[in-house]
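Pasting a structure below so you can have a look.
Letters A, B, C, D, E, F and G name the chains as they come in the text, with residue numbers starting at 1 for each one.
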């Protein structure tokens, strides 16, 4: 897989499981459903984790781009 | 439900119950009444929670977009 | 009351009592006298609260928009 | 006094005593000498307070607008 | 190696191992795969470190530019 | 001294001793050598203070404008 | 040395040793190799210090401008 631009990672990750780390030790895991140029993200079947521990199920969640630290597609 | 753009989540959530997580461990629950391109949100019948615990009823509340971490429509 | 846009809440709240939560656990209560597109707000007969406790009377106070977390018109 | 726009408070407060609260528990008291559209402020005969306690005299001080939380003209 | 502009460091580091320090004591090590003008970065074979200690493998990771403190190509 | 605009304070303070308070309890004292519209400042013969205590001599120092809280010309 | 504009300090410091203080108590020492209008900086032979203590050698390092507090050319 060759990415020419960072947002290609988002395109390639659509409908895939991703881990999103947010500012302030919160993480969201789930399926990437959409994104925009501000890196606003929609995650389906989302779960919230704090300090690596499961906190709660969120279902659909819209993440504001400026709170994102990183997004990593699940490797498996 | 297929979302093409993140803000479709906001459109779909109008008049629905939502959970909004704000920077700094505050959450607002209530009915999404309106939003704009800055993700400024109006919640009706809003309740404020801190650390997951009910703090107070707010009624109508205008949330400034840049304090939003995420918005999640209630799954039920 | 139907709000089409978030700032309609500000228009409807003019000359009404409001609660404004600021970043950093400070709240201002008073009468909304004016606002602009940056959400800069003027509150008359303002009172400052910290952690929900009365701190001091401020009279007229100009709040910078980017410090606002939310504004809620008093429900009564 | 009717303010049509928030910055009218600044115009009305020129040459008057004001209290300026800054991000991070610092306050400046003194006479408002000038301001601009970024809410950069010049205070003459300024005094710095921390936690409500007098810290030091500053004389003339230029405050950067993006550090301002609120400005309140002295009511007396 | 003469760099005329800071982003030349990014060009020179493509397909090389880099260390990226993020705001909040998190570091990512891995291979720089792509970047854009906002300093959004894609790291392949990424590993996350906290306080200098290995935390977990991330594989591909998209880092948001505004969370970057610095990027350093591995010297070896 | 009548200032019409906040930046007149900077013009008047050129080649004068100033105190610059930065975000995060750091202060720089020295002679204001230049500034620009972003409030980037050059201080000559600069000294860094933390919590009001002398920390070290810096000589020439370029301060990034967005870290400035206030600048105060020395009154003597 | 007369600086007309703050960025002249950067021009004058090219290929010189500099101290760069970053937000969050991190400092980088090394040779300034390049910079741009955002104050993104490239330091060669960089060393990272925390709380004034040597932490590690970095070699070449690209510093993101918005994390810079100040840059000071070494006086010797």
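Just so we're on the same page, a residue touches a chain if its C-beta (ideal position, glycine included) is under 8 Å from a C-beta of that chain, and two chains touch if they have at least 3 such contacts.
Fair warning: this is a prediction, and the values are worked out from it, not measured in the lab.
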Using the contact definition given at the top, which chains are in touch with both subunit C and subunit G? none
Chains in contact with subunit D and also with subunit G, listed by label, are F
CA centre of subunit C versus CA centre of subunit D: separation in Å? 19
Cα-centroid distance, subunit D relative to subunit E, in whole angstrom: 42
Check: subunit A positions touching at least 2 other chains come out as 23, 66
From subunit E, heading first to subunit G, list each chain in turn around the ring. E, G, F, D, C, B, A
In the complex, subunit G residues that touch subunit E: 22-24, 26, 28, 33-36, 40-42, 46, 57-64, 66-67
Note which residues of subunit C are touching subunit B in the complex, please. 1-10, 19, 23, 39, 65-66, 68-75
